[in-house]
Each structure stands twice: as structure tokens, then as C-alpha cells.
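These are the structures in question, set out in turn.
Next come two complexes, and both contain chain A; in the first it sits with chain B, in the second with chain C.
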Partner chain A sequence: MIEYLIDGPLWYFSLAVFSVGVLWQLARILFSASKTDLSVARGSASSGALRNVFSRFIPHHEIAPRIRVQVIAGYMFHLGLFALLFFAAPHVLFLEQNLLGFGWTPMPHWAFIVASQFAFFGLLILWLRRMLNSVSRLISTLDDHVAAILTFVVMLTGCLALLKGFTELRLLHRFTVELLLIYFPFSCLMHTFTFIPSRAFTGAWFGRRGIDA
Partner chain B sequence: MVEFFKKHSLGSTILLLAALLLLIFLLLPQAASAAAPQQHKDFPQGVSAANPGSDLWREIRQRDLPVEGITQVQGVDSGVLINSQGDRWARFRIDNPVSYTPAILLAVIAIIVLFYALRGKVGIEGGLSGRMVKRFTDYERVVHWTLAIVFLFLAITGLVLLLGRTLLIPLFGHHVFSLLASASKEGHNLFGPIFLVSLIMMLLSFARRNIYEKGDLTWLLKGGGFIGKGHVSGGFFNMGEKSWYWIVILVGLAISVSGLILVSPNLGQGRVIMAISHVVHVFGAIVLIAISLGHMYMGSIGTEGSMEAMKSGYVDINWVEAHHDRWARQVKENDEILSAEEFARLHGRKPESPDTATGKS
Partner chain C sequence: MSERLEKGLNVLRAEMDKKVMSFFSSCVRCGICAESCLFYTETDDPRYTPIYKTEPMRKLWKNEYSFWGKLKSKLGISEPMTEADLSDWEELVYDGCSMCGRCSMVCPVGVDISMVIFKVKHALAVAGFSPEGLVGATKRAVEIGSPMGITMKAVLATIKHAEENTGLKIPLDVEGADYLALLSSNEIALYPEYLESLAKIFDHAGVSWTLSSAAYEATNSGLQIGNKAIAGQLVQRVVDGAEKLKVKNVISPECGHAYTALRWEGPNFIGKAYPFRVVHILELLDELQAQGKLKTTGMETDRLTFHDPCSIVRRGGIQAQPRNLLRPITENFVEMTDHGSMNWCCGGGGGVSSNERAEDLKHTAFNRKKSQIKEIGVDAVVTACSNCRMVMEEGLEYNEMDIPLLGLTELIAGHLAEKPR
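On to the complex of A and B.
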């Protein structure tokens, strides 16, 4: 019964909530009313947007020494998670068989282990710093903590089910993935889809005004 | 054969083959029965059959000759027919770590409970003042808690793997244990290297302040103040903390290296190296888990004001004077003490009066 629920209705429900929720959030941002900028342009908005999208991958040199831990841990976590999500053999197979109909070459097992260690280590450090730094703790919301813990739990259940010998462990992982999919559109996890448009918007605004930032 | 088919008709050939097949089917059960080992006199129902190769292999195992022979097969231990070390290691594992670990851990917990019952929380003379001194940076606390969380995860999964057969199977049955063991093995192997990296970060962050100083031996001889009378002097870290630090680093490194040897069986190490690594890994882990229980107790409910050091990074000046008087003199000389208001403002808290800080109402 539980197996049927997790593999069947709950999976499709979570996928639907995720898809509709993400599209709705993106549309909401895209069509939100904003005032027309009547000022005389001092520079190119497009080049400003493009520059900002890429320049923000590297921290500004004035603050870089103070946020070195967050930057390194941030890259470790995000790159590790990206590799796990799209290049772990079980995920490639699952996407091929259940969603896309085609697959690609997965990463070898040792790379999977290294990627997951990067992801776990990075996320753990980022969350601990959020908890232990007084300013970060003050500006953190419940959503930040729930998102971090839920992501950690999803990764953990996935790695615990790595041996693929037990249906229970696979179901546990899939259930936590479904929870994450349902939570995703209504949380800070939406930054997965919004961080590029957000940078581009800010960069365009700066570029139009000739601000070199 | 060709001549045979030329001389005889197809019908007579088929007849001959059929007769041959019939003969085989009639004789096969008889032959199988004859080949079957005789029933052992201790097992009249025939539930067990002696292995005809047992005597041969026993002779090989017990022969008075070098264990390793010569073979063209290349590989570690490929010239060894039977390695009795494996049996001895399995017996050692069952007789020692598996048997003694629950008793050791329960004894440590009992000592802590008894200590708390007799001594209670180690307080500070005059209570907490509310005036704070910075003890650890954000990074140092992140390193500490990363190591602590990974260590706890490894301890739990490691204990499941070590004691699961004896403790968990009777409680939950074989299926649940095998599920837990599978998950624990994957998790343990995955987080092991993270422990090593955290340990190296811990080594680099704290090593300089944990080097032996004059006065540390006195602290040790007086048992941190529990033996004899009078105050025991301590610097930024007292000798108890330094000892724990070096135990974590050295035993942790031993556990990590032995763990990497165990998790990489194809690197060319033989069975003996693997068995030794397993023993080092298990005993090192038991030592760390046992002492960490005491560390957790002393750092939280056992000593007034200690937990704040790893929560906010600050400690009360009265706590510093009680446990680290030499460091207290330094912070006073350097004027590093924050008022309760300043500390509260830095941490977005409401200022605490000395009474609320000490827990008095």
C-alpha cells in the first residue's frame, strides 16, 4: 500500500505541484508590474545584465577574505549536488525510464562518492555557519533551515539506499524527494530558477545607469 | 562410427540409442546413491553430510610448512591456499570488541550518571556575571560542530555494524537489521573521509593553542581540581582539554587511516593488513566514543557556562577565572571583556541581568 502510494499517486502529485508551482512563481515574477524607467540610459542594459550574471560567480575582492568559507563550501555543495542529481547512475536511469525516454553516460561510482562527499560537507558547513554566526542566524528564516535540512535528508536517504538491495530504503528516499518537490516552489529553493534572472535584472539596472559594480 | 551407421539401418540405430538411454536412466539413481556420502552416525536422519574434502583441507591448514606457496597467478595472497588468520580474526572480533563494547559504554554512562548524582553541576563561584569574553571564532565553532556531527553519525552507524548481530537481531529481526546494516555501511563509508577532512581542519585550527605549557602537568596531577585542595591554574586550554584534543587528533587519524585501508580493499593490502586495520579502527572508535561521552557531559550539563563557548563563541568572565585563570589575566590586561549589553546587542538578544544569567529568579 505504502509502496503503491509513494511510487504512484504521491509521485505524480508532487511532480504536478513542483511543475505548476515553479511555473506559477516564475510567471508571477515575469509579469509583476514594474515602473517604466524614463531616465536617459548611460550604458547598455544588456551588457550590464550579462556581465552581472557571470561576475557574481566570484566574490568581490573587498569581501572575499571574510566569506571564503561560505564561497568554498557553497561551490562544493552546489557542484556536488548538480553532479549527483544529473550524473548519478540511478538518477540517469530513472530519468530515462520514467521521464525523458533517453539517457546519457553517468559518472563512475568513485566520482559519485566524491560528489556526494563534496555536497554533504559543503551543506553541513553552510548550515552550521548559518546557525553559529550571530548575524546569519538573526536574518535566517524557518524556510532557510527547513530547506537546508530537507535537502540534506534527501541526499542522505539517497546515499543510504545506494546498495539498492532494500525496497524500504528506496521508498524512503523517494518519499523525501516527493516532500522536497512539494516544498520547492514555495521556498527559498526557488533560487535554483531565479538566481540567473535576478542577477540579470540587477545587472541591467546597473548597466543602464552606468554603474560599474 | 561412420562404419557402424553404414552397417545398421536407421531403425535399429534408434532402438540401440533408446536402450542405451534407458540403461543410463536406470543406473543414474543407483550411481548417485553410491556417490552420496554415508550417513554420519551422529545424524541418523541424514540432515548433514560430511564434506569429503574436509580432511584434505584440514591437513593443508595444519601442515608444518610455510603458508604461502608459488603460483603463476599474480595478486595479493594468491599463493595462499588457506589463511587461518581470517578465522582467528573473526573469533577475536566476536570475543573482544563485540563482547566488551556494550559493557564499556554502559560503564562510562553509569560513571557519568553517578558523578552527576554525587557532584552535580560544576558551578562557578559567584555565578555568571553576564560580562563576556570571546573564546572561539565562527570558523572554529563550525569546524568543531562539523567534526562532532560527522563523528556522531559515524559512531551510530559503526555501532550498528559492530553490535547489530548480537543486539539488534534479537530486538528487530533479521530483515530490519540487514536493512539497517546496509544503510549504515553505505553511510559509514561515505562520511568517513569527511571525518578525516574535518579532523585536519581541527588540527590546523587548534593545534597551536594545545601545545604543552608550564603548569599543565600540575593541572593533570591534581585531576583538574578534583584531587586535593586549592585552585588549579589553567591557560586558554587546560590540560584536560589539551589531552582530549590530542586524543581526538591522534586516535582520529588512526581510525581514519585504518578506515581508508578497509574501504579500499583493492589497493594491494593483504588480509593481515585488513585485519590489523579493523582492530585499530574498532578499538580506536570505542576509545573515542567512550571519552566523547564524558566530553559531551562536561561541555553541556556537567559544567556551568561551558556550552556557551561553542554556541555563541563567548564565555562568561567568571567562568574564565574559574577554569582558565592565566587566560583570564590576559583578557583583563588586553581589555577584551564585553559588557552584558554589548554582548546582547551583538547577538540580537535581550540584555540579561547577572541574576538571570546565573539562573536565579
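On to the complex of A and C.
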């Protein structure tokens, strides 16, 4: 019964909440009002927007030494998670059989171990910093902690399911994924998508002023 | 709900646009912005973290625009905003932020934090939570025409002195001139040599220019305090003056926020595009140099550096021009470690220098600039903003550092080649 629920209705429900929720949130942002800038532009807003979407992946060298922990742990977590999500063998198989109809070469087992260690260490460092650093502690919200815990649990159950191969662990992993999908559109996890318009809006602003950003 | 809270919240609601919504949907509270802010790096007080200064706006977004806020509201368990959500942020926003925009350069998800802080400032100003010093300056700007209370009589006296010192006629209210030059309060009261320099340079380059008795003041206290209506009123005076004289261009003086107010925000404040071009004095000098109309002679032998005014460089895009102008007249020019669009603020922008309450914090924040200057061991610092110049002069004196501050326009005027005949 539980297996049916997790693999069936709850999966489709969570997928629907995630898809509709993400699209709704993005539409709400993109179709919200915004005043036209009446000043005469010096440079191109569109090239500024495009440049800023990519240039923000690399921190300014003037500030880099002061933010090493966040940058290194941030990249470890995000790259590790990306590799796990799209290149772990069970995920590739699942996407092929259930969603896309085609697959690609999954990463080898040793790469899975490395990617999962990157993701776990990165997330743990970021979360510890969130709780121990005075700035992060002051500005963090409940949402930040819930999102971090949920992501951690999803990764943990996923790794356990792959390493041990028990059905119960697979079900537990899938259940936590479903919780994450339902929570996603209403949380800070939306930054996965909204960082693009956010960077683009600011880049356009810099671009039209001819600022070297 | 009190009337002032309602007014403040209404401003925040009106300022909630697609940019702000994308910013708050993206912010992951990483705290990287703190490391870019001199009010945080020099005090180690986490309250000065830039994104924390936007908290009133974030709280409104969370309450009224997010799923959880709307749900809580429906269930009657939301936490409504109170006057404290505005009043408690007054000190952070007015004393602990110079609107330098360095935080907006470093945010990994691209939040223009400085822009959101200005929106919060706007709400605080309308709700009546602004420091006394800025309120007084704004009142004088509206009633007298200048935040320092400078009247046309004082301007005429400055013009007279400039004419005596240069032997040149300063044009006033000349209809049809190509350029209308504006002055900041500081340039009238503290640095009258700026006007003398303009007279010399324009005479040398054959520029048709004028001052206006109706629009001489470029300082915009409305922008400093964050009140867009007043900012628009002050911009409109300049527009009216320029239209009356039918000039083709208006020259923004060596004043950072005046440039922002006039060049970038002005048309938005008054709701229409200008019938003239706004050009910063450095842009104009650079253009004249490129056209061969501005010829200099001699070199400064002292070790000099350039302080990039935030509103002109980081938020204004005028970065190459001051260097183009300095290159032909300096033989020992050195850049500060962090310069250009990532330069550190002097600590007195965004109205901080007009806010007596922020005096101690301003001196603490200046420690960053002090160490930058010490690190490169220069004989003098050149800048192109009268407010930066005043703040740095005060800061260096406070720290007993005998390093002169030079205005770039004056420096150029001191190196003019013989007038082409």
C-alpha cells in the first residue's frame, strides 16, 4: 500500500506541485509590473544582462579571499549535487524509463562516491557556517534550515538506497524527494531558477549605465 | 495601524516590482555581501550586513507576496508589520549605508542590494523616520534652494571672486549656450576653485557655456534622504532652468550623488525624458581631450592616486575617463589595491556626511580608505566628487595624516597649455 502510494499518486502529485509551482512563481516574477527607465542609456541592457548571468559564477578577485569558505563549499555542494542528480546510475535509468525515453552514460561508482562526498561536505560546511557565523545566523530564516535539512536527508537516503539496495531505502528516498518537490516552489530552493532573472535584471541595469560589472 | 506606518508600507508596496521579487526569491542568505561593506568590515557588527538593511522590504514581501505569508494571513496567524519594523532600521539605513553599491557587485545571485536599500530609505523618509540633519538639509533645499542654505547672493559673490582670480568673465543666464554648468553646495562654499577651473578650461577649449540664476544647485537632498517626490522637485528646477536658457547640454559637477540624481534617476523622478543631454564634467573633459580641444602641459611629479567616487564610477559607469585625463599629466600615478568599480567608498556618501548622528561611525568606516591610502604611500589623492573630497579631508585630518586632496578638474586647469590662437 505504502509502496503504491509513494511510487504512484504521491509521486505524480509532487511532480505536479513542483512543475506548476515553479512555473507559477516564475510567471509571477516575470509578469509583475516594472517601470520603464526614462534615462538615456549609455550601453546595452541586453548584453549587460547576458554578461551578468555568467560573470557572477566567478567572484570578484577583490573580495575572493574574504569569501573562500562560501565559494569553495558552495561549488562543492552544487557541483556534487548536480553530478548525483543527473549522472548517478539509478537516476539516469529512472529518467530514461519514466520521463525522457532516452538515457546517457552514467558516472562510474568511484565518481558517485566522490560526487556524494563533495555534496555532503559542501552542504555540511555551508550549514555549519549558517549556524556559527554571526552574519549568517542573523540573516538566516527557518526556510533556509528546512531547505538544507530536506536536501541533506534526500542525499543521505539516496546514497543509502544505492549502496544497500533495500526496497525500503529506495522508498524512503523517493518519499523524501517527493517532500522536497512539494516544498521546492515555496521556498528559497527556488533560487535554482530565479537566480537567472535576478542576475539578468541587475546586469541590464549595469549594462545600460555602461558599468564595468 | 498608525498613519506613518501605513504611509511607509504603501511606499514599499509601490516599490515591489519584478526585480525586487526576483531578488528575494533568489537570496539564500549566504552573507557574502557583508564582506563587501565597509560598515561591516570596519565594525564587525553583523547588523550592517547589506541584505539585512533591506529587511523591511523582505518582511513585506514575505507577508504579502510569498505563499507562506499569504497562507498565514488566511489562517489569521501572520505577524503584521509594526512601526518598529521601520523605526529600528532608520539607523542602519541612514547611518550605516553610504549607498556605495559595492554589495550589488558581489552578490552571487545578482541582487542589486543597494537599489533595494534605496527603496527602504524611500519608505522611511515618507513615513518620517529620517535623521534630523538630513531633514534639515532637505528643508533648506526646498525652501532656500540649497541644502547648505546657499542663496544666489552667495553664488554671485563666488562668481565675482572667480572672475577676479582668473581675469575671465563667468557667463550667467546666457540663452542658447551649448552647456549649462551646475555647482554643488560644496563647490560654492568650500571649493570655489572648481568654478575658476571651469572658466579656465572652457575659455581654453572654446566651449560656449553659462551658469543659471534659476538652476545653479546640483546637490539633491531628496535623493540623499530617499524622498523621490522631493528629489523630483529639485530635478525639475534644473530642467526648468535648462529649458528657459535653451541649452543643449547640462554639466553635472564633481559630485557623485548629483550625477546620479540628474543623469540617471532624474527623468524617472519627474516622469519624462529631458530635452537636453546630461554630461558629467569628467565625460566632457575626456571628450574635449579626445577632440584635441583640451591640451595640457607639464607633469605632476608627486606620487598620486585616484579615489573612484562610487556614484560616478561603480554606479555611474565613468571609470576610464578620469584615468584618460590623469595619464597625460602624471608621471607617478599609482592605483589603490581595490580601484575602479570595486573601489572602497570614503564612507560619507548617501547622505552619511550630512548626518551628524553618524559622525563616529563615519570615522570608523574611513579606516578602510585610510589603510588603502597608507598601503600605497602617496603624496596626494585626486578625486572627482566634492563630497568624497570633504569626507576624506576630514578623515585624514582626524587620523593626523598630512595628505592633500585634489579635485581632478582643478588639476587639469593647472596644466592647461597655452590657449591655441
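One rule holds for everything that comes next: the second predicted complex is superposed on the first by the 211 of 213 C-alpha atoms of A that agree within 3 Å, B and C clash if a C-alpha of one lies under 4 Å from a C-alpha of the other, contacts with A are read in each partner's own complex, and residues count from 1 in each chain.
Heads up, the rule we're going with is that a residue touches a chain if its C-beta (ideal position, glycine included) is under 8 Å from a C-beta of that chain, and two chains touch if they have at least 3 such contacts.
All figures in this text were calculated on a predicted structure; none of them were measured in a lab.
When both complexes are superposed on chain A, chain B and chain C sit side by side without a clash. Contact with chain B, but none with chain C, is seen for A:Leu128 once the two complexes are overlaid on the shared chain. In the superposed model, A:Leu156 lies in contact with chain B only, and not with chain C.
With chain A as the common frame, chain A serves as the apex of an angle whose CA-centre rays point to chain B and chain C; its value is 120 degrees, to a multiple of 10. Once chain A of one complex is fitted onto chain A of the other, the partner contacts of A:Gly74 are limited to chain C, with no touch recorded for chain B. Once the two complexes are laid over each other on the shared chain, residue contacts for A:His60 go to chain C alone; chain B is not touched. Once chain A of one complex is fitted onto chain A of the other, the partner contacts of A:Ser44 are absent, as it touches neither chain B nor chain C. In the superposed model, A:Leu138 makes contact with both chain B and chain C. Shortest separation of chain B and chain C in the overlay equals 5 Å (C-alpha atoms, whole Å). Touching of chain A by both chain B and chain C, each in its own complex, is seen for residues 133-134, 137-138.
Every residue of chain A that touches chain C in the complex is listed here, in rising order: 25, 28-35, 37-40, 42-43, 52-53, 56, 59-60, 62-63, 66-67, 70, 74, 130, 133-141, 143-144, 185-186, 188, 190-191, 194-195, 197-203, 205, 209-213. Within the complex, the chain C residues that touch chain A are 16-19, 21-23, 25-32, 34-36, 40-41, 46-47, 49, 51-52, 66-68, 104-112, 115, 263-268, 271-274, 277, 314-317, 319, 337-338, 340-342. Those residues of chain A that touch chain B in the complex are listed here as 69, 113, 116-117, 120-121, 124-125, 128-129, 132-134, 137-138, 156, 159-163, 165-166, 168-169.
Every residue of chain B that touches chain A in the complex is listed here, in rising order: 138-139, 141-142, 145-146, 149-150, 178-179, 182-183, 185-187, 189-191, 193-194, 197, 311-313, 346-348.
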